[in-house]
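Next up, some structures in structure tokens.
The two complexes that follow have subunit A in common; it is paired with subunit B in the first and with subunit C in the second.
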Partner chain A sequence: MTTLFWLFGVLAIVGALGVLFQTHPVRGALFLLLNFLAIGVLYLLARAPFVGFVQILVYAGAIVVLFLVAIMVMDLRRLESDFDLGLMGFLTFVLGVAFFVIVALVLLKNQIPEVSPPPTGTPEALGEWLFGQYLVPFELASILLLVAIVGAIVLIRRRRQDVS
Partner chain B sequence: MAQPIFQTLWKTGVVFLGALTAAAYLVLAERKFAGYFQERYGPNRVGPFGLLQPLADAVKLLLKEEVIFPQASRGLYLAAPVIIGVAALLPLAVIPFSEHFYIADLPVAVLYLLAVGSLSTYGVLLGGWSSNSKYALLGGLRSAAQMVSYEIAMALALVGVALMAQSLSLVKIVQAQQSLWFLIPQILGFVVFLIAAFAETNRLPFDLPEAESELVAGYHTEYSAFKFAMFFVGEYIHLFIVGCLVTVLYLGGWYGPWKPGPHWFFLKTFLVLFFMIWVRWTYPRFRFDQLMRFSWKVLIPVALLNLLLTSLWMAL
Partner chain C sequence: MSPNAYILLGLLLFTIGMIGVLFRRNLMFILMNLELMMNAVGLVLVGASLGGWIEGQLIILMILVVAASEVAIGIGILINVVRLTGRPDVDHLPKAPEESTP
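Presenting the complex of A and B:
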């Protein structure tokens, strides 16, 4: 169990670093896929099979496929290495460092709880949480997603009208 | 659930070899039936009734020259057939062939199926892209769009089955069909699932990824010898698994009159596969825009309607 955790934990980090440093877009997307798959396995090891397989199904199975299709359709050969983000790049850097410091502090100050085997990872238990105690946030999240979908459709339609 | 490790190992071995043999003979069955549908004999030279034809095919594919084109992205080009082969074999781990013979009875087997099923898209997409050839790339892109669209309809149909059985475990889903096959209460879902299955296995009338009249051979245009064999075998293992899944989800798995057992399972699977071969050699190909419109404007709404009706039925 611990060996597997370390193996897939390291794979997830390798994937994440690959996304950062790989300049070839297709290879970068594949490193992202590696990261998503490794995290899915980590969920399985934490005895949350539902979350683990949904992670693989949604992120590895759908989102990276969309990234790859977009990259291939737009024929992106190589990212510009001297792409200047300006102020945004600086802010991203500051926020990234701040996030890292906060996470590191929290992890150092608190004892990480042992992974216990509660049955919370089963679909039944998860369904009861989502449609019981956390009904309102769950429904709010679904409305948020609906707004995003409608927004995307509106944007496409507006552009089509401009073209015609 | 907890079975000794050697038991899991020998079951895995049996299922693995069985699936490879099934795939090899499915190729023969397809060619034979295609022959009969078109009033020809089909392969009948190697062995009695052509029964040794799959062996001859395998030897031929193994002895062919390995060609790796210089314009291909070597690593991904070689990885794509492996991804296809592995992704095709993974679903076998949860298929219950009889009441006691299955490798694992996952409590979330339905999700597992969808998760590993979605991974085969990468083999197709990367095979098409890494070949650096326009036909392969177009085939790969088409295939990815098709597989992603029909996966949604398939998943929605599966939710109906899971609702009826009140479980995501395939063994429990079959056990829930002891008195009544889900084919009858889930007829809408069954039709959606079967149509989506044709698209997921890239078969006519949805074989656009390798529409030979316009794309040479689609995503595996640039593959030869054993690498091509991996795509080919992967496709037929996928077909075999779809037959098994239709049996498990809608046709009551190992249940049947008189003595229930794996013979019923294999008989039903064979009938489903026969149907799929029959359709392939009977219907012409869809156009790409028709294919996408059909998925999004017909299949998915029907699957949603099925889901709504099932939920209402279960709530009453």
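Presenting the complex of A and C:
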């Protein structure tokens, strides 16, 4: 269990660093896919089977494909000056490391104990929560998806004078 | 594994995504790094579920909905930027044109 956690944790970090430093869009999308798959396996290891499979279906199956289709449709190339190599780029790294160190120190001071046995997120258990106590957020999520569909169509639509 | 390992890994991935959002100029990669940040929050919530708070897994499902909506809208904005300027560079965005009456 521990070995698998570190193996897929390192894979997730490699995928994230690939997205951070890769300049070719297709290779970046494939590193993103590696990260999503590794995180899906980590969900499975943490007794969250339903969320793990939904992660692989939706993130790795739909969102990465959406990125790849966008790259294909628009014929994106790499930018010459993709990285912000100035004072601002340097300060970005300083800010990131400081954020990580501060939050990690707080976390290490306040360790969360593991309950035994930890709860398992089966579809039955999650469905009871989702259609019981959390029914209103569930319905609001469907409204959010509807708004996103309408918004995407309005954004992509060409105006009539642009076509001619 | 203990919840703390999951939360620390999520924190590390969130930091990488945050650096990427601020460091890159390509709008495509900024969107990808935003997805990394959302996944990192999912890892933290799974750690909380190992600590006994199983509703964390429900919130991951909600984050999934938000991420799907966000990537659809984000790619719409990206297509508009590429149409206007020919490249997905956030440092060379055009100024908003004055509204012309047809």
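Remarks
Assume the second predicted complex is superposed on the first by the 120 of 164 C-alpha atoms of A that agree within 3 Å, B and C clash if a C-alpha of one lies under 4 Å from a C-alpha of the other, contacts with A are read in each partner's own complex, and residues count from 1 in each chain.
Throughout what follows, a residue touches a chain if its C-beta (ideal position, glycine included) is under 8 Å from a C-beta of that chain, and two chains touch if they have at least 3 such contacts.
If you're wondering where the values come from, they're calculated on a predicted model, not measured in any experiment.
Legend: residue contacts after superposition of the two complexes on their common chain; A:A62 is shown touching both subunit B and subunit C. Once the two complexes are overlaid on the shared chain, A:I102 sits clear of subunit B and of subunit C alike. Legend: residue contacts after superposition of the two complexes on their common chain; A:V54 is shown touching both subunit B and subunit C.
Touch criterion met: A:G89 reaches subunit C, while subunit B stays clear of it. When both complexes are overlaid on chain A, the residue A:M72 reaches subunit B alone and has no touch with subunit C.
Legend: residue contacts after superposition of the two complexes on their common chain; A:L144 is shown touching subunit C, with no touch to subunit B.
Once the two complexes are overlaid on the shared chain, A:P123 sits against subunit B while remaining clear of subunit C.
Between subunit B and subunit C, it is C that contacts the larger number of residues in subunit A. Looking at subunit A, you'll find residues 50, 54, 62, 66, 73 touch subunit B in one structure and subunit C in the other. Considering their complex, residues 1-2, 5, 9, 12-13, 16-17, 19-20, 22-23, 25, 28-29, 32, 35-36, 39, 42-43, 45-48, 50-51, 54-55, 58-59, 62-63, 66-67, 70-71, 73-74, 76-79, 81-84, 88-89, 92-93, 95-97, 99-100, 103-104, 107-108, 111-115, 118-119, 121, 125-126, 129-130, 134, 137, 141, 144-145, 147-149, 151-152, 155-156, 161 of subunit A touch subunit C. Listing the residues of subunit C that touch subunit A in their complex gives 1-9, 11-13, 15-20, 22-26, 28-29, 31-33, 35-36, 39, 42-43, 46-52, 54-55, 57-58, 60-62, 64-73, 75-80, 82, 87-89, 102. The part of subunit A that touches subunit B in the complex is made up of residues 26, 30, 33, 40, 49-50, 53-54, 56-57, 60-62, 65-66, 68-69, 72-73, 122-123. Taken in their complex, subunit B has these residues touching subunit A: 76, 106-108, 111-112, 114-119, 121-122, 125-126, 129, 137, 140-141, 144-145, 148, 151, 168.
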